[in-house]
Structures are given as structure tokens and as C-alpha cells.
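I have a structure here, written as C-alpha cells, and I will follow up with some questions on it.
Per-chain numbering from 1; labels A, B, C and D assigned in written order.
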């Protein structure tokens, strides 16, 4: 994460400021405000602003006149009830805004979540920074043999070295050519007066997908939970999961009751199909069930047994 | 607007509370927080919470590290530029949450705006209050003769009296029957032990569309501007326009630069079609243009002349 | 369901028409097109148009060049996989459009689903029909004693008679006053030249919430499944569930593989929290688990036991 | 545009098929179905499916029982009225689905429109094709001197040659390294058994932003018009505008009345602020207005004069 002196000073100035407010305020999240949390080799995520707290969820569910809170235990019970029964609208009443620095290929996955507001740094308008992502050695994984969109074991030895060199060299060469084509002072180079310089909106196409971009990203708590349920999941690609995990930590500080309900009922929850429920009842009654009789495909059966922590009967 | 003692105390308690925050804070809107502004005969709108300010719009447009502000004049210029060129995403970075009490037929128009978060008081779950809307005498309008969905002159004399009586009597009778059918203590009546009482989710259907409901309504500034451009417009039905106007006042206190740009470029703006632009240029060049030659339909021509403040040439 | 001669003729004309198309076509749904299916006492739902079929889901998941289908069995497997793992975007690639006639209080619940396109009959612009909903005797239920937003036993005898009379009389009287206040030929009455007539946008407020309205409602298959998962559920209010069930029948005709996957993995599925999964594994290992030790609240425990088809141990 | 034999055969098979349907059908668009229209050097756009026609817009606006059409002239009038007064919901009742092949940097702009359904070719799951965009010589533009996010004059001579070589060489080298790192048969190369091969989800990050991706993209007519109003605009970047123009041609074939209204009232329309309208009236009354007195900033004044086709008075 590269912060210029100007950026750093701006962050400190923002953190130093404090005003009185009548709004719902969460000291644990206030402590994190504006503070970039490093993610990957040059990325970060930081909270810019937030609206609401656990009590605001309760308050909206009750359409009440005052603040939501009665007692913590009552609020927790209501929040768990809302989460369990997928009454999602009260969670929409909280909002959070992040500033994120992330590789473009991660941004491409992330942006598929359409329920957020986004302002991205414009490479039509500005020159991109010379920062690109290269995986840490323990993340340099081979293609999974069982899952077409997953990772297998970690590459080692010469293959790992070669891959890292290729990624670095290509990113650096492409950036050098990017600034050469731009031929302008803002890119840090001395412009050649004999050349006009390619338009920024065109030159950017020479950058690789591991270059870092940044954006402001604002979302309500319900939609954030949906994002986290997919991206903090073990099946998510590592490079987006680390962002989701950093944000989940912030959510725990912000709305501890809602976050706990989410982790219990959504993130750690499992769903069984109508057919699986029938099988489960049989198993609880002591009957032996086999894949052949189960009505489940082999793939479903394997997933089912794995969730129940069972080795499938031979 | 009926507030119980409990409601009033809850509001005062909420207003009395103050906490320090590092977030963007707007004193002029803080002063309005939790304060119900009366609308129509029993309705209100009040701000519950907000996120961001004019500087947050600027900050997002620049994807900047610190707070948005450079100088007020630069911020105003950028905000006006964004509004003029419909760069709408930075305005999505501000959010506001209202508590609104409004007649059901108004709620039905309002809810057509799908880009907000809503929690409505549930008449399946709770008993509705005995509050309904009756137009003030100066709003008791006849059907417009020229516009199928508009109002004409105000009713007077006996017709006005009769209409007001019918509206009041029907609303009161239907409410009396509503509570009779409910037959439960919560409705304020003495329950008859010989009757079971109709389910709330059914009994509510006997109420008329002028009964008041209430909801929490949360929306970002861009979508709020879209709502206001339609509902604070003179063509909007009076009963929703008065809510839009009350909210516009709050928006002026909250984000004065954005609100001014909105009023200039959206609320007070006019749009000319490609064909109208051709005619305009001819007129500015001193040529006389008639409807017959204009290529506009009579209706378009009339609208065009009206916008230009001209009596159409005979 | 009242259809005028004109409406009926229009429907027949629409059904009689047939054109060749290169688009994905589903004969079973074609057979239902434009045919109103009666719901409640005067309502209906009918399919106006559709886009896509099961193969279109497959085709989008593969971003393929031709039509989606390989073999039915492969398609079914992929569709089940997508549904199981909540890969929802391919289901967005099918679209359906309904014309629905429904009571206003049902429309108010329905419209809370924001992900559809809607055009509603306008009572600002037109006069409402004299049609209102009254529950059938077997749906005239008392308030539930255990669930604040549910129904208990059916009302009987004199109480039932009284309730039905009140609902009918109030709806009829209010409609009579509605047309009296309108004082216009279009409402079916003879206008009194001595009165101006109240504006339609105001007079409508005298109608009760059981009056029928109608709308065009268009939604993609993913969002429709979400709607059906909530509204075809036993906890949904009867008056909206009957519409959901009628639409589910149409969906079964339209996309049989997707509908089957939905019924297995969503409609009939259950979700267990992280804590419940721990308990399940203990139970499958033969251990006895009690509520006291379970870490679940009494309410959660009761729900958990009910899903497993068990009487909770005393 | 590279189509394999399999792709080509799949397209022809799809085009050859024809079924009878009762749905609204548009012969002019049927003729285009499945036919890729080339865009840029290797991209295309083709219509996969559609729902509705001009009459469907009318039918929804009237919530009518039969098909929408009365007479073409009445329909056109209503459609123009809806477009002029921004009654947008009836246009949501038509839907269209495209298959698009486009460079990644274009896809990144395009995806910011959140109101569409998208399924993109997955580079986590599959190997990317060896196809990248290089601007045609007449599009190899220098940075604009007046507009930070625009293009100026076209590069010529040696500078142009160098830029094209750099773009080509870098793209080719990065692709060669991409397949080297993958080390798998599916990428077309002979895998080296001594290497494991990097996971696809990682290797893709070495590709440049001008590589082609593809997706299915489905959107309703209202949201498509919004997309086209921004992307078929002269200020849009050339590389996305050519796609917008290709789609606009298809829209003209599909819904000629709606498309004409859109071009007149949206694409070719101009919007004047409240202040500009005051000035316009003065000018029409023959008064001379100068920037100094106008109340407009210099930038606004220049834009205003340009729209009116006037050289600003010195």
C-alpha cells in the first residue's frame, strides 16, 4: 500500500476531526474510521462513513418513534428472529461506505454485485499508479484437479520462480510502455516534444489485469451480508475473500448482534433440499440410507455426507 | 398528527442525546433530526438519520483520501458540473432516512419508486390507528376538464359539504366496524367474550384508502432527487407534493450546493426535443415558425409555446 | 371475475393469432397464453408474454453460441447444480409477464417486491370497477392466538354472518358514495348537472382496501422464484398465496426443470444454523441433546424439532 | 471475429429453427436473430431473444386486455407522449437479450449499468481466447488538450507505428506467458509434464485490458434507452459507442415507434436549466444577453451557445 505524504496527511486530518451528532454512533467503528487496513500486497480497505447500528435495525422493524433499543437481550432476540426468517428489510436500514484499493481482476468479480453504489478511479481521466498484484508464494497455486474453477496445491521451486518473474516482468514492461505511449509529465516521465502522446482512454488498455484500481463502495447492511455470504465463503477466490474478511471484521465492530446472527444463520448455515430432509429424518430414526436408494445424485450425496461430517457408507 | 405521550417522550430523549463522531456532520440538519414536520391533516415527515454532505459528493467524484472539500467555490462548480452532465453516481454516496406518516392512497403512489428501503407499519401484526385524511376545503377539487388525471376548480357550497361529510362518515363507520370485527382489547374497545374476533390481516380490508399508515423510508440522494423531480413537480397530486416539498426543505439544509444544482438543472429545467431545438434556432435567427410547418403535433406545439412563455401565433 | 364482452373478444382475438418465430418457444405455456385463471372471488392471473425456457438458462450459464440444450439429463444436472449453489444469474435470463387482478390490500404486500416492472390501472385517470373481495366462509378466520400475524380457527355462526354483512355493506356503500361524489357518466350513473363532481384522484380515497385493482407485472425467473419462495410459503397470507400458487403452476409448464429444482432446493428446503448443524451431527452419532444444553432458545429449539419431525424430549 | 466451425454450425441451426407462437412477434427483428454483427476488430453483438413490441408498450400503458394496438397513429402519439413526459414504466415491458464480444476495458465501462442481467464467460473456469483489440489507424487518437477524458487529433507517422507495435507485441507476449503458465492442453499448447501449471483464476491476471471477453446481456427497453442515451452519445468513448450504435440499429428494427420517440426526445434532446430558460426568453424577445450578465459560468455559457448554434458575442 503506497500512500503519498499528501494522502497520509489528509487521512490524519480527517481522523483528527470530531463533531457532536444526534445520530446513532458506534464508538468501536468510529475508532476504525478512515484507517486503511492492508489487504494483499498493495491493497487496502477503509471505512469512510456509516449510518445506523444494531438498534436501528430494531427501530425499523418496529417502525418506532424513539431509538430502537429496549434491552440488549430483547434486541438480540428480535435480530436473530429477523435473520432466521429472512425478514431482510430492517437490515437495509444500515449503510456503510468503504474506500477500497484492489486489483482489476478482483474488481471485475466484485462489481457483479449490482446493489451497491460505486465511484471508481477513472483511467480515462487520470494516469494509473504503478502498482500491481503478485501473489505471495503460499498463494501461487496450481489449477485444481477436481474443481474447474478452483486451486490445487501450491507451486514450488523453479516453476514458482518462473511464474513470479513472468508476472512481474510483464506488468513492469507493460507499465513502461503505457507511460511511454502517454508521453506526458503527469505519468512521471519526461515527455518527448516530438510525440503527441496517446489518449489516456486508449493507453490504459496495455495494462494487465493485476494492476490496482480503487473505488468508493457504499452498500446497505442486507446487501453487504449477501456479498459476504458469497465472498467470505471458502469457495470464493482467495484474492477477493481477504477483502471480505477485512470487511467482516469491521461489521463485527459496527453491528455486533447482527453480525453474530449473520454468522450463525447465514455464513455457517447449511441448506438441505426437501429430499435431503426426508433422508435426514430416516437417519435420525436409525435407518441406514445409501446413495443408491437416496434419490440423490452422486455429487449431491457426497456434498450431503460432507456437511454431516460422515464418511459415505461404502 | 397524534403523538402519544410515550412517542413524544421517545422523540425528546432521542433529540437530547449527543455523541462525538468523526463522520461528516451537518449542523443545519442535526437541528431538524427527529423533529416531525406536520404534513396534511394528520401526517408528518421527520429525518431519522443521514450519511454524507456536499463534500462527500465531491470526495466520491474524486475518489480522494481526505474529506472532499477544497474550497466552497470549487466544490460548487464540480457539483454543478456533475448535475448538468448527469454524472449521477457521486450523489448516490449520500443517504437519508425518513419516518413518514401518510394516507394509504399516497403510500401507493410513493412505493412505486423502487430504489428505496422501506419498513412499513404492519396491519397484519398491529391494529391501525383511527386517523384518516380529509382534504382541506381549498383542496376539495373537481375533476379537471382538460387533464384526465388532474384537478380543476375547487368545489363549493353544498356539494363541498356533502363530499366532506361522506368522506368523514364512511371513514368513521368503516373504522368502527373494523374494531368491532377485531373484537380485541388492543383496538381500544371492550371485547365481547361471545365472539372470537376476525384476524387482523383480514379486518384491515374494511378500512378506506385515506387511512394513515407510516413507514421508515431510506434512500440515496440521487434517487431522492429523482423522486423529488417527479413528486415536487406541479403535475404531481397535491397530497404527495406536500411531502416532497417538506423533504426538499430538509435537503436544502443538508446539502445546500447539491440542492441548488438540482433545482436549477432538474426541477426548474426544461428539455427540448431534437425537432424543437431546430425550431428554436430558427426563431432566434428571427424567422417566424408556425405549428403547421413545425413538425410538432398540436399538443407538443402548445407545450413548447407555454415553456417559452409565448402565446402561440394565431 | 367480470369480463366485459369487449375484454372477452380481445382475449379471443389475441389467442387466435399465431406467428412463426425463431425464438425459444414452450408449447405448454403457449397453450395458457392470455387465458385468465380465476383467483379469489373476482381476481385472476394470466400470462401475457414470456422469454426463454430451461435451455436458455443452460445457454446463459455456458455463454454458448447455439441453443442451450445438449441432452435433457445434462441440462437437468446443470440446472440443479446452479440452483443448489445459488448461481442465480442464469435464471435471470428468462422473463415472464402477467396480467393480474387482485384486491388492493394484496397489491400492497405484492408491490414490496421491488425487482419487477409494474403498470397499474390508474384510479387517478379512470373510474374503478365495482368489484371487491369478500372471503369465502372457510377463509373467514379468527386472529391466531400464537402468531401475531397469523390466522386461527374459522369463524362460525352469527359472528361469521355479521362479519360478511359488514364487509359487503361497507364496500357497497362506499362505492355508491364514490360514484355519487364523482358525479360523472363514466361511473355508470346519471350525472347531476348541479354538481361539478369530485376529482377522481380524490374520490378514490373513499374505497376500501378490498377493492380490486389490476396490473401488468413483469419479472425475471430468478426474482420470480424469490417471490414464490416467500409467497407460496405456508406462512404467507392466504389471499396472496393463491396467486403465487397459480403462477407456480404456470412456471411448471414453462420451465419444468428449473421449477423442479426450485421446489426441491428452495421451496421445500430447510436451513440449519451453524449451531443446529453441530447438534445434528451429535444426534446422528446417537447422542441425546436437550434444549437446555443445545445453546438454542426455546423458540429456535421448537422450530428445529418441528423441522426434524420430532416431538421434543420432555 | 473468430467463429469456430462448431459455433457457426450452432448459429445456423438456431436460425433454421422456427416455431409458431401466440406472442408478439416482430419480423424485422426475427430476420436479425442470432446473426452476429461485427464491431471493432474482433467483437460482435447479436440478438438472442426479445419480448414485446411497440404495441406491448401501449398495451401496458393502458393495462388492456387484448393486444395494445388500436391504430398506428394513435399508438405513435401515445408512445411519444410517454417518452416526452418520462412515463418510463411501459417501456420496461419490453425486454431484449444480446450476446456481446467486447474488450475487457469496454466491459468495465459497460458493467457500470446495474440494471441488466449478465452472464460473462469465466476466465476462472475456462481458458481465454487469443483475441485482443488494437485500434484502427483512424482511431489512434492523442489525448485531448481541452477535455481530460477525451481524444484529440489522430496520431500519425512513426508515433502511430510505434504505438501499434507496442500494443500488439505486449498483448501477444502476455498471452504467450499466460498459456505457458497455464501449461495445459486446453490452451492449445503441449503441456510440460515437469510443471503443474498455474491456476486459471490466477494466470488470467497476466492478460491486458484489450483482451476480448464475452457475455449474455439482457435488459428492458427503458434501461436500454438509458444505456444508449449515454453510450451512443458523441461524448462516449468510441470503443463503446460502436456497440451502442449497433444495438440502436436493432432497436429501430424491433420497436420503430419507441426508437423514433427516443431519438427525438432523448438522444437528440437538450436540457436547459431554469436560468438558461430565462435567458432564452429574453433572447427570443430580441434582447442581447452577454455571459457577464447571464449568471452562467463561462463553461455553462459556452455550452449554452454551442447548443443554440451561436458564436458567443465577443
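Just so it is clear, a contact is a pair of C-beta atoms (placed from the backbone, for glycine too) under 8 Å apart; a residue touches a chain by one contact, two chains touch by 3 or more.
Computed from a predicted structure; not experimentally measured.
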{"item": "Contact-graph distance - origin chain A, target chain C", "value": "1"}
{"item": "Classification of the chain A:chain D interface as same or different, half of numbers criterion", "value": "same"}
{"item": "Interchain centroid distance [CA atoms averaged], chain A/chain D, Å", "value": "29"}
{"item": "Distance between the centres, which are taken as Cα means, of chain D and chain B, whole angstrom", "value": "34"}
{"item": "Numbers and ranges of chain C residues touching at least 2 other chains", "value": "89, 112, 118"}
{"item": "Residues of chain C touching chain D in the complex", "value": "3, 6-7, 9-11, 13-15, 17-25, 30, 33-34, 48-52, 56, 59-61, 63-67, 89-90, 92-93, 95, 97, 99, 117-121, 214-216, 218, 220"}
{"item": "Contact set on chain A toward chain D in their complex", "value": "103-105, 107-108, 111-112, 114-115, 118, 120, 122, 124-126, 133, 135, 140-144, 148-153, 155, 159, 163, 166-167, 170-171, 173-174, 177, 180-182, 184, 195-202, 204-210, 237"}
{"item": "Sites on chain A touched by chain C in the complex", "value": "77, 80-81, 84, 86, 89, 112, 230, 263-265, 267-277, 280-281, 283-284, 297, 299-300, 303, 307-310"}
